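Just so it is clear, A, B, C and D label the chains in written order, and each chain counts residues from 1 on its own.
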Amino acid sequence: MVGQNFVRFLQGHPWFDLTWLGASDRSAGKKYKDAMNWNLAGGVPAAMADLTVEESKPGNAPRVLFSAMDASVATDIERAFAAAGHVVVSNSRNHRMERDVPLLVPEINADHLRLVPAQKARGWKGEIVTNPNCSTIGLTMGLGPLKQFGITKIIVTTMQAISGAGYPGVASMDIVGNVVPYIGMEEEKMEMETQKIMGQFCGDHIEPLPAQVSAHCNRVAVVDGHTETVSIAFSSKPSEADLRAAFESFTAVPQERELPSAPRNPVIYMNEQNRPQPRKDAEREGGMAAFVGRLRPCPVLDYKFVVLSHNTIRGAAGAAVLNAELMHSEGMLAG
Amino acid sequence: MVGQNFVRFLQGHPWFDLTWLGASDRSAGKKYKDAMNWNLAGGVPAAMADLTVEESKPGNAPRVLFSAMDASVATDIERAFAAAGHVVVSNSRNHRMERDVPLLVPEINADHLRLVPAQKARGWKGEIVTNPNCSTIGLTMGLGPLKQFGITKIIVTTMQAISGAGYPGVASMDIVGNVVPYIGMEEEKMEMETQKIMGQFCGDHIEPLPAQVSAHCNRVAVVDGHTETVSIAFSSKPSEADLRAAFESFTAVPQERELPSAPRNPVIYMNEQNRPQPRKDAEREGGMAAFVGRLRPCPVLDYKFVVLSHNTIRGAAGAAVLNAELMHSEGMLAG
Amino acid sequence: MVGQNFVRFLQGHPWFDLTWLGASDRSAGKKYKDAMNWNLAGGVPAAMADLTVEESKPGNAPRVLFSAMDASVATDIERAFAAAGHVVVSNSRNHRMERDVPLLVPEINADHLRLVPAQKARGWKGEIVTNPNCSTIGLTMGLGPLKQFGITKIIVTTMQAISGAGYPGVASMDIVGNVVPYIGMEEEKMEMETQKIMGQFCGDHIEPLPAQVSAHCNRVAVVDGHTETVSIAFSSKPSEADLRAAFESFTAVPQERELPSAPRNPVIYMNEQNRPQPRKDAEREGGMAAFVGRLRPCPVLDYKFVVLSHNTIRGAAGAAVLNAELMHSEGMLAG
Amino acid sequence: MVGQNFVRFLQGHPWFDLTWLGASDRSAGKKYKDAMNWNLAGGVPAAMADLTVEESKPGNAPRVLFSAMDASVATDIERAFAAAGHVVVSNSRNHRMERDVPLLVPEINADHLRLVPAQKARGWKGEIVTNPNCSTIGLTMGLGPLKQFGITKIIVTTMQAISGAGYPGVASMDIVGNVVPYIGMEEEKMEMETQKIMGQFCGDHIEPLPAQVSAHCNRVAVVDGHTETVSIAFSSKPSEADLRAAFESFTAVPQERELPSAPRNPVIYMNEQNRPQPRKDAEREGGMAAFVGRLRPCPVLDYKFVVLSHNTIRGAAGAAVLNAELMHSEGMLAG
């Protein structure tokens, strides 16, 4: 499904043309429309329907590749492409926590791209950059404006959409009228990835943010949009007005450079007391912003708030494309 | 709807006969079946259908009354009944935080019943006892076994069922495929009520538990059953095995006295990694137990876990009936 | 909610500017953003937020008015506007079955506009035109291509979205995990309106299509999009290929005139065996087309198929705007 | 999942003890609790949890077997058991339409059991009896009381629960906030099975009811309970009062013999204009009755109404158990 989201998201992109599709042996040789079951609204984009799927091997592939591979195969294939000189912009989890691989959220840690040269030590002619897990992106987008105040503790509870589990993914018998208070490996990913994303570039690695992070991950009967409740503590506690202003004025590299997929405002603060809500808000701003609301004091940590983001757009395909746009703006894609 | 739950829950009760129904002027004089829109599965119990509804005034009413009145009218009416010598066992929120009114969860604070005599100072011949808000009951049931370790901090995020908002309650346009990250006054209730319930009886009042409590309350598309994620810290941090044993061995006054509505085990610890779940578990044990799972260390506080309870049974009608059973076992209902 | 849909749908319209908002006394004088609770995704369009709402009376109102009034007040107010010389393009049900009022689906019965002059007999300087009920529009769009074969019998079962009931509309306790096999007056509307829409213009009235129509109307837990199963019989039974070709080649006045809101193809035939589906298909083509699938023989009548349309776009605001566009293309709005 | 429903349904049965569990090679030798993923509320019944699952072969198996086998294997295995002298009471679809196999709904066609002796011609020492598809059972229960009026035409549209598709079954991405207007082979099953069930026993086969039956089958986001809208015509059209009386007074062999799983009234007519509803009504009467409502004239056929039944109880496990009880009451299970 992330692959389908890439195909949809890249339609009409001003900088990138989707010209090549790689898949497993089983699909290679088929037309794209015959190689998968299209699950998104709107049908297979006409321009891609008849493209022939090729085997996921370096060779005919173009220089820049978006990877939505299953974790069971991504390690070897992504490395093969990187070794052969390709730029692998990956949504897979396999390389995210590797010491020399940037885990990017362009609004938060664009400078982590400076880690890429360290990959030369692997003997690769190309490189791998990654974006975080869908629930981590929403959280870190919400945390980005607050980093200046010295984040020390985060407790987050997620209510995650079913599209995050792919297709067929979550069985309807498990989620209609229900909550599943567990998503395999999700809490570990959120806790580690957040520390790396918010961390400090130190030449050949990222020094993780020394904050304690605790995640409770749940699945709910929502189609798109992960909602997260956050309690947070700071080394120097700001006022509520300071925090509010930080959310509202937040802007970063993607906005300054006017990257094509960058939302005008990466964080939208909503004043209504019962927002943000996934079905009503996640698709706003093209699904690329994070929506924050309900900022208020927390009796245990310092403050609490709600953050929402679109898990298959900002949390997957859109995230990787924005990463590629950032690299392009740095001149890193020029072959 | 809580009234309907009382009617259903009391059918066939071994100690209590439902003989009188009070309502507003508008309904008084009608047969029960004509005075309301029955919204629960199974239809109006035949024994009650033709009972004539009377006005909510002391007079013909029996000595012991269950109150499910709307907060907008409960203060005056409940006081009038108490003044006239009735025992008002209330699910309404109005008197919960009054200094001389017990806020009971019989497994947690049966001794708070000793507060009742302090109500004599109001000049009442009768009395009022209350049960907590539905989301608070689930939380405190889960906390009960842990009180011995000295609870100091609690952060809880709820995913609450739509039945908790009554009928018509939550509009379907607000909750189908959605999450609403706000429930009016719910967080305040959970934070204050929890401290009172877990607090210390001190003669004429309850000294609240000096723990910090922070609640994030959300509505999800579940019919019955509030799911809550909890992070918790203790003054003397127990081992995970200690906590686990505390959950599994927990038993209290209602179990010892074999009160008719008491669950055999007030807390059920579930070993499956993706449980408890509201649609699959809330109705077990007659809807009167709390279901706990996923106990694990919390990187910010000491531990975290999930707790689930049935919001209209254990969280409302069943709670009040168990309170009355506790009073009966103390001889407090003997007229 | 239909009013909000009008506001959203008219944003950026090439022919119409929304310059005036009328409402009840209670709202008059307020800014639009303060006068209602915006329930659609995306927030109140900025251009309208600060427009002052006026009382629903002729006077300052512009010549052409879209009406989304509640049925309880629409009769008198719409007539007052028509009498005063306004063109009332109404989504309300009140005048739909009046003998001299066109009930328009521009792809089906554009010629029914010729009924308008008959309204002069009422002494009105202006006029009223109407669009059908949301479930009727989808059905008649699906029937349009088949009219040529002489429709004699129709049995339709609807599975209607909750947005069709407005806000707060359907209580979540009634529809989460449920089906409600009844919608007040909906079956009567579908049966009568279909006969009028498919009927023959006869100078001063419409002679209803002499087909038998039977509707079963149900509410399901879908946000937008009414799905309908249809069994149909013809006076001269066509082949399945004929029917299929009729669906696929259907085009009508709005397409010929390239009306701004007209879908390129008013009926989209979907080949997948499990389509159309409301969540995946209703928003395609801007929500203005009908989606048909599963054409196959019916063992009782001649054929059966499924039709889907977007109930708040094609079934309400979009329908009325397309009616106004049709009138504009006829020169009927020139003041 | 049907197997799990059998295990749950047979707990505490007055006539039958569940003593043996057969499954594929893969599961044989495991304890029941380890051999499957229990998906029903309430957990694995304690009495069965430690029973060792055996291979599905005649041998140690008891004389009477309930079969919930997958259609891909049921033909051969069920025949092997029947040949070896077992009574196979099957919920699988494989033998339903075989000429010499009864397709039973005990309230409708108990006399079809007389078909069993014809199976001797296959050289079997035992026999196979079957129950219909879950959506057919609800329909035929609703039709049973009406058979006396000479049914000639039936058009039915189903809105079927997700539990009917087993586990994992329907993907949540396909059904949350959606309708799927297609269920593989379901329409064909409903049309053929209905004719056989309502047909006439003729010595060595069943002469199908010569009525035209047309089914439209849909999946909706309901957990349990298939809702069906029915239009019907008769050879001698009864009055609405006659039909109503037929529904309300219906009783049959299972009721006369007081079979343990028989509902007191097999058909419950509901007077409320918006009932029956699956979430509120399907579980009433132990899930074994059919609920009918909204009887009214049909402008195309003679009458229309709504029928609801519980698809995993009356439509599967409960149906087979009732079949076995019927056979027991005929002395057919005595070994």
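The working rule: a contact is a pair of C-beta atoms (placed from the backbone, for glycine too) under 8 Å apart; a residue touches a chain by one contact, two chains touch by 3 or more.
Keep in mind that this is a model prediction, so the values were computed, not measured.
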Hey, which pair has more contacts between C-betas, B-C or B-D?
B-C
Greatest separation from chain B - chain, by CA centre
C
Distance between the CA centroids of chain B and chain D (whole Å) is 40
In whole angstrom, what separates the CA-based centres of chain B and chain C?
48
Could you tell me which residues belong to chain B and also touch two or more other chains?
39, 174, 176-177, 221-223, 279-280
Spell out the part of chain D that touches chain C in their complex, as residue ranges.
153-155, 157, 159, 174, 176-182, 191, 212-214, 216, 218, 220-223, 227, 229, 231, 273-280, 293-294, 298-301, 304, 306
Which part of chain C faces chain A closely enough to touch in the complex?
40-43, 176-177, 223, 279-281, 283-284
Tell me, which parts of chain D touch chain A in their complex?
39, 162-163, 167-177, 221-223
